[in-house]
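Chain naming follows the written order as A, B, C, D and E, and within any one chain the residues start at number 1.
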Amino acid sequence: MTAKLELINVHKSFGTTHVLNGIDLAVDEHEVVCLIGPSGCGKSTILRCVDLLDTIDEGHILLDGYDVSAKGVNPDEVRRRMGIVFQSYNLFPHLSVLDNVTLGPRRAHGVDKDAAEAHAMTLLDRFGLADKAEDYPNRMSGGQNQRAAVVRALMSDPEVLLLDEVTSALDPELVGEVLSVIRELAGAGMTMVLATHEMGFARDVANKVAFLHEGRVLEVAPPAELFANPQAERTQQFLQRVTEAGRL
Amino acid sequence: MTAKLELINVHKSFGTTHVLNGIDLAVDEHEVVCLIGPSGCGKSTILRCVDLLDTIDEGHILLDGYDVSAKGVNPDEVRRRMGIVFQSYNLFPHLSVLDNVTLGPRRAHGVDKDAAEAHAMTLLDRFGLADKAEDYPNRMSGGQNQRAAVVRALMSDPEVLLLDEVTSALDPELVGEVLSVIRELAGAGMTMVLATHEMGFARDVANKVAFLHEGRVLEVAPPAELFANPQAERTQQFLQRVTEAGRL
Amino acid sequence: GSDGVTATGDASGCDTLPLKTAGQLTVATGEPAFLPWVGDDNPEGGDGFEAALVYALAAEMDVANVVWTRTGFDAAIAPGSKDYDFNIQQFSITEEREQVVDFSDGYYQVEQAIIGASDSAAASAASVDDLKELNLGAAIGTTSLDYIEENIQPDNDAAVFDDNVAAKSAFDAGQVDGIVFDLPTAYYITAVEITDASILGVLPREGSPEELGMLFEDGSPLVPCVNEALANLHNDGTIESLEDEWLNSGGSIPTLSN
Amino acid sequence: MAEQRRVDPDPLELNQPEVGRPPGIFAQEGFKSSLIAVVSTVVVFGGGALLIVNSPNWPKVRDQYFSGEDFRASWPKVLDGFWVNLELFAYSTISIAIVALVVAVMRSFRGAAFFPLRALATIYTDIFRGIPLILLILLIGFGLPALDIGGVPRSATFWGIVALTLSYSAYTAEIYRSGIDAVPESQRSSARALGLTQWQSLRFAILPQAVRNVVPALMNTVVSLQKDVALISILGVREAVREAQIYTARTFNYTSYVVATLLFLAISIPLTRVVDWYTARDRRLRSQAPV
Amino acid sequence: MAEQRRVDPDPLELNQPEVGRPPGIFAQEGFKSSLIAVVSTVVVFGGGALLIVNSPNWPKVRDQYFSGEDFRASWPKVLDGFWVNLELFAYSTISIAIVALVVAVMRSFRGAAFFPLRALATIYTDIFRGIPLILLILLIGFGLPALDIGGVPRSATFWGIVALTLSYSAYTAEIYRSGIDAVPESQRSSARALGLTQWQSLRFAILPQAVRNVVPALMNTVVSLQKDVALISILGVREAVREAQIYTARTFNYTSYVVATLLFLAISIPLTRVVDWYTARDRRLRSQAPV
C-alpha cells in the first residue's frame, strides 16, 4: 500500500543553516503523526515543505505516491488538497473572520458564497466563534485568532491537515475542544501531521510520534512505545526534561 | 503593609466591549500571582493596564501605594520599574537579539553599551541563546523568539515582572528552564504577575492564583486551595474542562 | 527647410494663395501678445506693430479675412504640420532654426538694449566692457541672450528667465543688475512695467543684422507669396511708417561703445 | 482561603493619591514640550510675518502677489481653466491607477518563470520615472502626432494624458510595490496555503493590505498629479495655471497664480482630510492589535 | 517498533515520477503566462516602433529629437548645468530629509497634550503640499528678496532650495508617516514597555522599521526631486534643463532635452538599482519570517 504522504531524504537549507538533514517519514491514510523535538529542530519547516511553501533542496515529497516536489508540479493544485494552520495563525487582518475562512473555498475551490458561509458558520459555531464571525482578527484575543485559523484550514475539507502547534495559544479549556475535533477528524479518515510541544496531546491523539533532532528523524514509533521506551539517547534526554517540566 | 501592586475596581472598555469589569487584586512584594481563566477573559488586558500601555477607564492601580494610574503620572518612569513579556513576543525585527535586549537598559536606564552587553550575554547564555545574539528575530523559531523576549524584560532588573503566556510558544524541554528561572527570581524577591494557560505551571510557581471570568476576579486563593477546592461554580467548570484536556 | 526659396523668386503660384482655409489668412501669435508688438493682447484690434503689419500684409495679398489663433513658444517650434498659415511673435531668423521650419524674409531689424536701475553702478556704464562684471539677465528664446553670451561675455553666466515677467521680478528682487531686451520691448518695459529702471544704452550691433521673420511650417508654399507682399510693403514705405508708429517712440538713447 | 480574597478596599486612602509622590514619576513632560514647541512656532512665524509686513517694500510685493483687483480680474479665466484641470485629472487618475497596478503586480510575481515579466516592469519604472515629465510630454505630445501615422489621434489632450500616465504610473507602481513588500511574508504563505494562485493571493490577501499601507503615499501622488496636470499646457491646452501665466504675462502681476493655488487647495485639502479620516476609521475598526 | 521506522525507500520507483500524473496537478502556468505576456509586449512595442520608424515624417522627427550633431553641440553646456543640478539636489535632499522627519514625528505623537503639535504638522503638510511648487518658488524666490529686509539673503539658489524644501518636506513627511503607521501597534507597546519615551520609541524602534517600509516611496521622491530641482531655473538659475531649453529655443531642436534626460537617467537608474539591491539584501538578512 502506498502511503498517503511520504518524505524521502528531504534536505533543506536556509543560506548556510542546514535545517532539514535527510528527513524520511511516511504517513498512511487515516493516520495522525505527531512531530516532537526541541525548538528549532525543524518541525515547522517540514510542514511548510510538505505544503510546498518552501522548496526543498533535495529529496522527494510524495502525495498518494506522486512526487509533488518534482519540477512542473502546479503547487496550487497540491495545496488545495491540504490544509495548514500556522504557529502564529496569520489570519488576514483586513478581512472579517467569516471572510477569512470563506476566502479559500470561494476563490480556490469555486464554492458559492452562501454555501461557503453556511459551512463556515457551522464550523465557527463548533469552535465557539459564531458571535465573532463579523469581527476583525486584530480585535480578538490570541485564542480566538487561533481557533479561527483552525476553522479556515478545515473549510476546504483537506485530504491532509498540517497543524503547527495549534494549541499553543489556546487556553486549556479549549484545548479539550480542539482535541476532540481532531479525534473526530481522525476518525472520519483525516490524515494529519502535527508539530506539537504538548506531549499529552501527542500521546492522546497520535498513531505515530516522530522525534526530530537537528533536522533528522531520530525515531518513529506509536506514542505508547516511544514515550515508555525511547530508543535513542537524545530522545530519552528530551523526554526526561519534558517530564521534569511537568508536561508529560 | 502596603501591597507592592494593587488594582482597585479597574474598568476598561474597548469601544462597546466591556473587557475589565471592576478588577480588584493585590500583589504583595515577593509574591507570584497567576491569572487564569478562559480565553478573552481579560488576562492580557490586565497586564497591559498595569504597565500603563492601556489607560483604564475607572479605578486605580497602585504601585508601592502610589496611584500610578492618576493623571499627571509619567508613565515612562513607571514602566522602567516593570518588565513585561507579551504573548506574541514582539521583538524588534530590525535589531539583532543582542540589540533588542540591550535597547531598554541603554536608552531608558542609561547603562553603557559594554555593561549592558555583558549583562545581556549572561542572561542569553542562561536561556540557551548565546549563539543567537547576532541573529535577527525573524530568522529564529518561535521558541527562540520568546526566550529572547523574556531576556529583554529581565534586562532592566524590574521590580515587578508581568508575563503573558510566556511558555505558550516554548517547547516542553525549555519550559522547565523558564520555570526554574522564574522560581529563582521569585526567591530573589521578584514580584510577578503571570497570565497563563498552564495550570501545572500555576500550581508550581504561584503564591496566589486568581481566576478571571468576564472581566472580573471570581476568586483568589493559593493554588493548592483553588485547584483542590474551587468556590465559584464557574471556576469548578473551568477546572473540570482543563482536567479533561489533560492539562492539570 | 531652407529649400532655396527667396523673396525675389517667381511668385506665380500666388495668384491663388495656398492658404490653410481658402479666403482667409490664419495667423498665430503669442499667448499673451504684448505691446509694442500687439496692443492689449488683442491682435484683432490691429494695434501694435505685428498686428498692424499682418493687416497690411493681408490687404497687400488681397485677403479680406484675417483669423488669429494663439500658440505657446513650444507649440510653435514643434515638428509636424501646423493649422495656421504663419506664426508671428518676434521670431529671429537663424540658420539653425531654418533646418526645422521656414521663415519669411525679415520684417524688422532688431537692436538690443540694456535696462537697469537709474541709480545703480550699471547706469554709469559707457561701454560694453563696463557691463562684464554685472549680473545680467535675459528671457529664454530671445536673441538678447545670444547677444550677452557672444558679445558681452560677462564674468558671471547670465541668468535666463522664462519670460519678461520673471526677468522683471528678478530685477525687483535685486538678483540681476541689468536685463537685455530688444529695443522696442525695452522701451515698453521701462515705460510701463519697470518704472524705476531706464534704458542704460543701446548695444552696438555685431556681425550681420538680426532680423525678425514670420514662421511657417517646413516647406510651406506660402512663403514666396508673403515675401513678395513684404517686399512691396517695404518699397512703398508702409513698414517704415509702422515702425515709426509703434517701435521708435523712445526718443534718443545713446549707443554704448564697444 | 477567605483572608486571601480581596474585599472592597478602603476607598478613603485613595482620596489624596497626589501626596508624597516619589520624585520623577509625576511630570507633564508631554504637555510642556508641546507648549514650548507651539509657542516657539508662533513666535517664529508671527515674528517673520511682522517683519515681512513692516518691510519697506511690502506694499509693492503685496500688490504684485495679493492684489484684490487682480484677483477679481483673473478669477473667471482661471476658474474656466480649472475645469479643464479637473477633467484631465479625472481621466489620468483612472488610467494611472490601472497601469500602475498592472506594473506593480508584474513586479511582485515570484519564481524564475516570471523573470521576464519582472524585468519588463523594472525597465518600465526605471525609464518612465527617470524621464522628466516635460520631455515626455514634448516627445509624445508633439512627436507622435507629427509622425502623421494614419489613425493616430492628434488631440493634445489625449497625448498629454498618455504622457502623464506613463510617468505617473511608474511612480505609482513603486508605491504599490512598497505597500506589497510591507505585507509580511507570512500573509502570502497563508494565502498560497489556501490553494490560491499567486494572482489570487495578491488580489484578495496582499493588495488590500498593501493599498492600506500606502494610502498617504498615494495621496501624495494624487495631490502632485493634480498640479502636474498643468504641464499639459505646454501642448497648448489652456488650463488654470496657463490662464494664470497668461494673465501674469499681460499684467506683470502674480495674483492670478494665487487664484490658481487657492483652487488647487480647495480640492486637495478636503480630499486629504477625507482620506485621513477614512484611514483612521478603518484603522480603528480593524487594526487595534491587542498584543 | 522497528517495523514502524523508515529505512531507505526504494529509489527506483522515483525514476519516473512523471508517469501517471493525476490531471491538473502538473502545469507550467507561471511559465506559459509569463511567455505570453512577454511575447505580446514585444509584439506591441516592436510593432509600434516599426510603425514609427516607417512613418512618412519619421526622418524629420528623428532629426528634431535625436540628432547626433545637436547632441554633440548641446552636450557641454547641458553637462555644465547638470553639475548645478547635482549641487542643488544634494543640499535640498539633506534639508528635506530633516524637515520632513521633524514634521512626521510631530504628527505621530500620541496623547491630547500633543494635539497642537499634530495640528501644526497637519497644517504644514496640507498647505505646502497643496501649493504648486512653481508658485512657491516665485513667491519665495522673487517675493522675499524683493521685500528688502536687511540681512535676508538675495541668492536665487538659496531661496530656491528653501522653496523646494517646504514643498518636498510636506510630501516626504506624509511618506514617513505612512511608514510609521505601517509598523504594528504592538511594536510601539513593546518599546514603551521598556520604559522608552515616545521619542525614544520612535527613534530606536519605530522609525528604523518605518523607513525600511517606505524605501521605494522615498526613492520616488528622490527621483522626482532630482528632476524638480530644474524648477529653480524659474529664478534664472542655469541648470541642465534650462540649458537644454536655451539650446532648443535657439535651434528649435529638442535633442538637448534628450541629453538632459540621459544625464538624469544616468543618476536615477543606478541609484534605484543600488537601493533595490540593498533593500533586498536587508530583507533577506532580517525579515525572512518563518511562519
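Just so it is clear, contacts are C-beta pairs under 8 Å (C-beta built on N, C-alpha and C of every residue); 3 or more make two chains touch, one makes a residue touch a chain.
Keep in mind it's a predicted model, so treat the numbers as computed, not measured.
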Starting at subunit B, fewest touch steps before arriving at subunit C: 2
Farthest chain relative to subunit B (centres taken as mean CA coordinates): C
Centroid distance [mean C-alpha coordinates] between subunit D and subunit B, Å: 42
Between subunit E and subunit D, distance of the C-alpha-averaged centres to the nearest whole Å: 13
Subunit B: positions in contact with at least two other chains: 14, 44, 48, 53, 77, 86-88, 90, 139-141
Residues of subunit C touching at least two other chains: 79-80, 169, 172
Subunit E residues counted as touching two or more neighbouring chains: 28-29, 57, 60-61, 138, 143-144, 146, 148, 186, 189-190, 197, 287-291
Of subunit B, residues touching subunit E in the complex: 48, 51, 53, 75-77, 79-80, 82-84, 86, 88, 90-95, 103-104, 107-109, 136, 138-141, 152, 156
Of subunit A, residues touching subunit B in the complex: 14, 37-40, 44, 87-88, 139-144, 165, 168-176, 179, 197-201, 204, 238, 241-242, 244-248
Touching residues on subunit D, where the partner in the complex is subunit A: 184, 186-187, 189-197, 200, 204-205, 208-209, 212, 285-290
Subunit E-touching residues of subunit D, taken from the complex the two chains share: 28-31, 34-35, 37-38, 41, 51-52, 55-58, 60-61, 64-65, 106, 109, 111, 113-117, 120, 125-127, 129-135, 138-139, 143-144, 146-149, 171, 174-175, 177-178, 181-182, 184-186, 189-190, 197-198, 213-217, 219-220, 223-224, 227, 230, 241, 254, 257-258, 260-261, 264-265, 268-269, 272-273, 283, 287-289, 291
Contact set on subunit D toward subunit C in their complex: 60, 64, 138, 142-143, 145-148, 233-236, 246, 248-250, 252, 254
